[in-house]
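The following pair of complexes shares a single chain, chain A, combined with chain B in the former and chain C in the latter.
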Partner chain A sequence: MSDTEGTEPASTEVQEAKAKYVGFVFDTATFTVEQDKMLAWAESVGETDPRFTDPSHPDFQAHPTFTASLVSRRVLPEDFPKIGGPRGIDGGKAVVIQQPIRPGDQLKASATIADIYEKTGRSGTMTFIVQRMSFVNQNDEPVSMVDWKMIRNP
Partner chain B sequence: MILDLHTHSVRSDDGRAKVDNYCQWIRKKEIPLDGMVLTEHRQWDDTSDYRDLEDQYGLVILKASEVETDYGHVLVFGVNEDLVHSFDFARVDNPLPEVLAAAERCGAFAAPCHPGRRNVGLFAHYERKGVVDAVHTVEVLNGGSIPGEDELSVEKAAEYGYRGFGGSDSHIVSRIGFCATEFDDTITDIDSLVAALYGGRFRAVNLREPV
Partner chain C sequence: MRFEEVELGDELPAEHPDISMERVVEFTKAAHMNFPRFTDHEFARKEGLPGALVPGIMSQALLATMIHRWAPGCQILSLDTVFRGHVVVGTTPTISGAVTDVDDDERVVEVDLTLTAEDGRTGVMGTAKVAFPS
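Entry: the complex of A and B
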C-alpha cells in the first residue's frame, strides 16, 4: 500500500482548498489591550526585559508574542473541508512585530487562511494549514501578524 | 574537497538555521568542510545570494533543491529556469522518472535522498512498486537517519549498483557536517559540482564524532 493509497488525492483537495480559501477574511475580532494581561503574558514567557514587565518603564509595551495569545471565534472558515486526515497537530505560531502595542490599545484582528500546502515526512503526507491573524490598532496601523500552523495527517 | 550536499536554512519551512550561523559553526568547531549545498524543501531559491559569506568564511556555498516524488525525496543540483518549468517543485507526488528525466534533460543532477527510510524512502517504495531504472545515484549517508537506515541505504545501493553520496540533512546549525561527500575534483560552482556528480568521482563520508 502506498503512502496515500485509499485516500482522496490530497494534492487535488489542497489545490481546490487553496483556490477557495487562501487570502479571504473569514472572521474578525476586537480586543482591548489590558495592562494586567500584558504583564501576565510577559511573566508566563519568562521575560525579564523591563520594557515588557515594568509598567513604569517609559517604553512599556506588550511582549512581542502577546498577540499569539489572542484568538478569533473561528479557527477555520465555517465550511472548511476536512482535508489532510483526521489527526491534528499544533505546528506552532510565528509572530511578526510591526509596531509596539501599548496598554489601552484597541486592536482589530482579521483572520484569513494564509497558505495550505503539503509535505511528506517519516509519517507520510502531512497537510499544513496556516491561519493568519492580522492586527491593526485604533489608528488602523498594522501592529502584529500571527501565523498559526495547523498540521493534519492520516 | 569535502562538501555537505544536503542542508536546509530558514528558507525551508522547517529550517531553523541561518547560513551565516552555519558558516560560523563550521569555522568555530573546525568541521572539515570546504562548503555546503543548501537544498531547500519544495522550492528553488533563486533570490538568496551567499557570495559575501563565501568570501568572508572561505567556504563554497551552493544552492539546490529537495523535491518530493512518489518514490520519496530527491535532491536536485543544478536547478535552472528550464527545470523549474519542467515540473511543480511544490507538489509532493511528482513522478520520480519524470523528475529524473527532466533533470538530465535540463543539465541538472537529481538523486534520491535518505533512501533507506522506513515506509517513505526509495527502497521501501521499491518493495511496493518496483525499481525505477533511471536511478543511478543515491544519498547513502544522511545525518538525520535513525539506526539502521543508512546501513540499509548502503546495502541496497551496493545491490543495485548505485553510487552513493553523503549529506547532513541539517535543519539546525549544530548538525551541519554530520555526513558529507568527498570529491576528487575541486568544486567552485554549481556547474563543477554537477560535472563531478555525473563523473562519479566522489564518496560519502561520515564526519560525526565517535560516541
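Entry: the complex of A and C
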C-alpha cells in the first residue's frame, strides 16, 4: 500500500482535502475480540488450518483479515467535503497483518484518511478516498492496518 | 508446499468455495454485517441487484483460506483486494492464484489472486504477500 497512488495531477478540491484531512485521526474505537466470532468467521469461509479453527491449538489466532469487519462509528471526518460526486462504490479493502490477534484481545483502532486521489477512465473521473483503520492491542502493539478504498463517481 | 518448491508462475490449486446462504449468514453474523442485501435474495432484487451478494470481505477471507491450504503454516503478511463485480450468494465461483514474485532472502512470496463469478465475470482481484516458515 503506497501512500500516494495518484496517477495524475489532483484537482484543486482534492488537493485542498488532502492537505486538510490526510493523516489526522478523526475517530477512535475499541473492540473486544470474541472467540466465538473468530471461530464462526473461520468456519464460514471453509478454513481448515487448526491455527484458526481449534481454540486448543497453541497458536490459535483470528483469521488474517478479521479486522476488515471492525469499523469505526464515523466513516469520514465530520466536515469532510462532498468531493467526487454522489455515487459511492466500495472499492475494496487491503489488510496488513502485523501480529496475531488472540481471543480476548482488546483492540484500539484509530481512523484516519490515508490518501485521496483521482483516476480518469472511460466513465469520467473517479475519486478515491482511502480510509485507514490502525489497530493496536492491549499491549499497544500494532496488530493490523486496514485500508478501505471508497470510490466516488460523478 | 514448501518455500524451496515455490517457483515464479506457479498456480495455486483452484477452489470452488461454498458461498451458500447458510455460510454467508454465518459470516455476516461473525462480521457484524447482518444486512438483507447479503442475506435476502428478494430484498436484494428489489434494490436492483441480481440477488443477495457475498460481502467483499468474505470473498477476501476465502482467498486467505485458499492460501493457507496451498502453503500450510505460512503467515499472510498482507492481502489487498479490489471489489470488481457482484458475487451472488448460492452460486459457484472459482478462486485461483499465481505466484508473481519470490524473495529468497525474506522467504516471502507474492501471489496474484482472482475470484471469478459463476457467469465468468471477475468478482474480486487481489494480491497477497505470504511468509513461509524457516
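To be clear about the criterion, the second predicted complex is superposed on the first by the 144 of 154 C-alpha atoms of A that agree within 3 Å, B and C clash if a C-alpha of one lies under 4 Å from a C-alpha of the other, contacts with A are read in each partner's own complex, and residues count from 1 in each chain.
To be clear about the criterion, a contact is a pair of C-beta atoms (placed from the backbone, for glycine too) under 8 Å apart; a residue touches a chain by one contact, two chains touch by 3 or more.
Just so it is clear, the structure is predicted and the values come from calculations on it, not from any experiment.
Shared-chain residue A:K108: touches no atom of chain B or chain C. After overlaying the two complexes on the shared chain, residue contacts for A:S11 are found with chain B alone; chain C is out of touch. Touch criterion met: A:E118 reaches chain B, while chain C stays clear of it. When the shared chain is aligned, no partner comes close enough to touch A:K20: not chain B, not chain C. More chain A residues lie in contact with C than with the other chain of the pair chain B and chain C. Residues 1 of chain A touch chain B in one complex and chain C in the other.
Those residues of chain A whose C-beta lies close enough to touch chain B in the complex are 1-4, 10-11, 117-122, 124-125, 128.
The part of chain C that touches chain A in the complex is made up of residues 17-18, 23-24, 26-27, 29-33, 56-58, 60-62, 64-65, 68-69, 72, 75-83, 124, 126. The residues of chain B lying in touch with chain A in their complex are 13-14, 41-42, 68, 70, 72-73, 90-93, 117-120, 125, 128-129. Those residues of chain A that touch chain C in the complex are listed here as 1, 37-38, 40-41, 43-49, 52, 63-65, 68-70, 89-97, 147, 149.
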